[in-house]
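I've put the structures underneath this note.
Next, two complexes with chain A in common: one pairs it with chain B, the other with chain C.
Let's look at the complex of A and B:
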């Protein structure tokens, strides 16, 4: 069997000022999967966040979600949506939210499916989410935009790193 | 390390092998898995005429497998546990226009003193239906894992089904 090192960082950013969108563009097509790791905080209140593929903000997204919020487990779905939703991020800078996106066969010519994990604990409250998401497009992904809802922003110190994973 | 250079960090995540469905077989096999890693990870994107890929280690077809599940179908969350299985529930593999995806972590796979535990995150969404699942699995064997088969529950893996095996090192 062949063995080759992979799981390579493609790009990373740490916010030095509040920002609504974190963009990774010109993503090379040389990997098999992408993995986006975000440690995020909101500047105030809580914010909704979305991950857009190739800056497509049309209703081409859907997802199935499994959640636990400390007392109960639940499941929900969105269909034909323009908002590939993750979670409500906390505003407390010392209690960040960990978010991962595993995007499979991102450079291929099939519709794109990905897995999202959201883990956030606020010492008395919190959420854990697991999603499977679909972008109904056969285009290769060359850009990702991680966006906070209108009029909200990610706080200073929010980090996002994009990794590439290449199969043998 | 030379002055002015960064520390060299040896790569810890390596691609070991890939396997693709043939359209005429319901089995994916990774054999002769090398030692030298601490954990394994399988990443899959697949369709088949099955619901799940069923994982078996070292061709052990006895009732030596146990699984616990937590899953959501878009309207409710459910949990269950199964014992006495002849293989472990692995990645989803729905027969759909839209692919199922999965990540299977196999921990301490070459230990000769521990039973082997896996964790799975897998799902499929079809814009109106689908399922997301997390599960744990246990193989009641202290043998080091040297081969992995992923079988459909029925039918064949599509030619578009892809499985990639990775090894994760420790220092």
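Let's look at the complex of A and C:
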């Protein structure tokens, strides 16, 4: 990619207090695709995480994943779900988890597909996930909520950055 | 608003080499992206690991977990730090695989200037137009060194990188 191509930061946040949800709102519709990069840590224990589109918590999500847990590989599919699941975070400050979401044609009027990667090695344990996900909505995406399960939080120092990718 | 996917360096081999080093990496970005197109000369094998050291650190501060698909089988394995002294992003094509075919992949290093551990994500492919010697891999490489990343050293797990190998380094800035 040559210098001057479009890969622009829309918003970024670094948590200074533990939070259950990281929200990106008022996302402009001026890009072609979105990329969300998260370096996440759990405050304590383990937390399940989801990425919601436009704060939609209805059963409009599905996904197919390939996963590796160090000894076994697996593949699974979830349909008609209200929880666009990413992973079970069990990381601490010294072992962050890297999560990326590439959301294609987010401002279009067709259903939205996106790719998710979860990379979380913990020196002797950990997981790798690669997902394709679908949000069955024809609305343009103007809000993203990255959410931990009820009564759990992302730790201080967790970072999340939303980028806009523009086609020629 | 600034563009932030900025090319830092480009390396294309005109002769085989045992290592490719990306040095003097500026500390002005948030994340790094490494795009690779690589082939190993290691004789007698179809595919070969590309391996990586951060700041040429050869101590046992690396571990990894991967998931892979080859032919009709998916698999997963891991290396713990007690057994390795480098990172293992993915497989690339090697001596016995189809000539002039290179393994391609991306390595993403977040928060590379931080004083915390680096969780590095990689996705790579080595395709060979046969039924048994190609790989699609996703991996998480953890480097628990706490220094900022100022250099990256890549080398195949045996043999050398072939002529035509290419590594591009980009900087990603979040503001």
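Just so we're on the same page, the second predicted complex is superposed on the first by the 163 of 168 C-alpha atoms of A that agree within 3 Å, B and C clash if a C-alpha of one lies under 4 Å from a C-alpha of the other, contacts with A are read in each partner's own complex, and residues count from 1 in each chain.
Just so we're on the same page, a contact is a pair of C-beta atoms (placed from the backbone, for glycine too) under 8 Å apart; a residue touches a chain by one contact, two chains touch by 3 or more.
All of these numbers come straight from a predicted model, not from anything done at the bench.
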Practice task
Answer with clash or fit: chain B and chain C placed together on chain A by superposition.
Solution key: clash
Practice task
Give one of first, second, both or neither to describe whether A:133 is in contact with chain B, with chain C, with both, or with none.
Solution key: first
Exercise for the section: Once the structures are superposed on A, label A:151 by its partner contacts, choosing first (chain B), second (chain C), both or neither. Expected result: neither
Exercise for the section: Could you tell me if A:67 is touching chain B, chain C, both of them or neither one (first, second, both, neither)? Expected result: both
Exercise for the section: Considering only touches as defined above, state whether A:119 meets chain B (first), chain C (second), both or neither. Expected result: second
Exercise for the section: Kindly classify A:37 by the partners it touches after superposition: chain B alone (first), chain C alone (second), both, or neither? Expected result: second
Handout entry: Contacts of A:98 with chain B and chain C, given as first, second, both or neither
Key = second
Exercise for the section: Quick one: from 4-12, 76-84, 112-120 or 148-156, give me the piece of chain C that collides with chain B in the overlay. Expected result: 4-12
Practice task
Please write out, lowest number first, the residues of chain A touched by both chain B and chain C across the two complexes.
Solution key: 1-7, 66-68, 73-75, 117, 130
Handout entry: Interfacial residue positions of chain A with respect to chain B in the complex
Key = 1-7, 32-33, 62-68, 73-77, 79-80, 102, 104-105, 110-111, 113-115, 117, 130-134, 136, 165-168
Completion exercise
chain B contacts chain A in the complex at 11-18, 32-34, 43, 45, 70-77, 79, 97-103, 121-128, 130-134, 160, 162, 164, 166-167
Practice task
Enumerate the contact residues on chain A facing chain C in the complex.
Solution key: 1-9, 12, 37, 39, 66-75, 93-98, 100, 117, 119-130, 157, 159, 161, 163
Handout entry: chain A partner contacts - residues on chain C that touch it in the complex
Key = 1-7, 30-31, 63-69, 74-78, 80-81, 108, 110-111, 116-117, 119-123, 138-142, 144, 170, 172-175
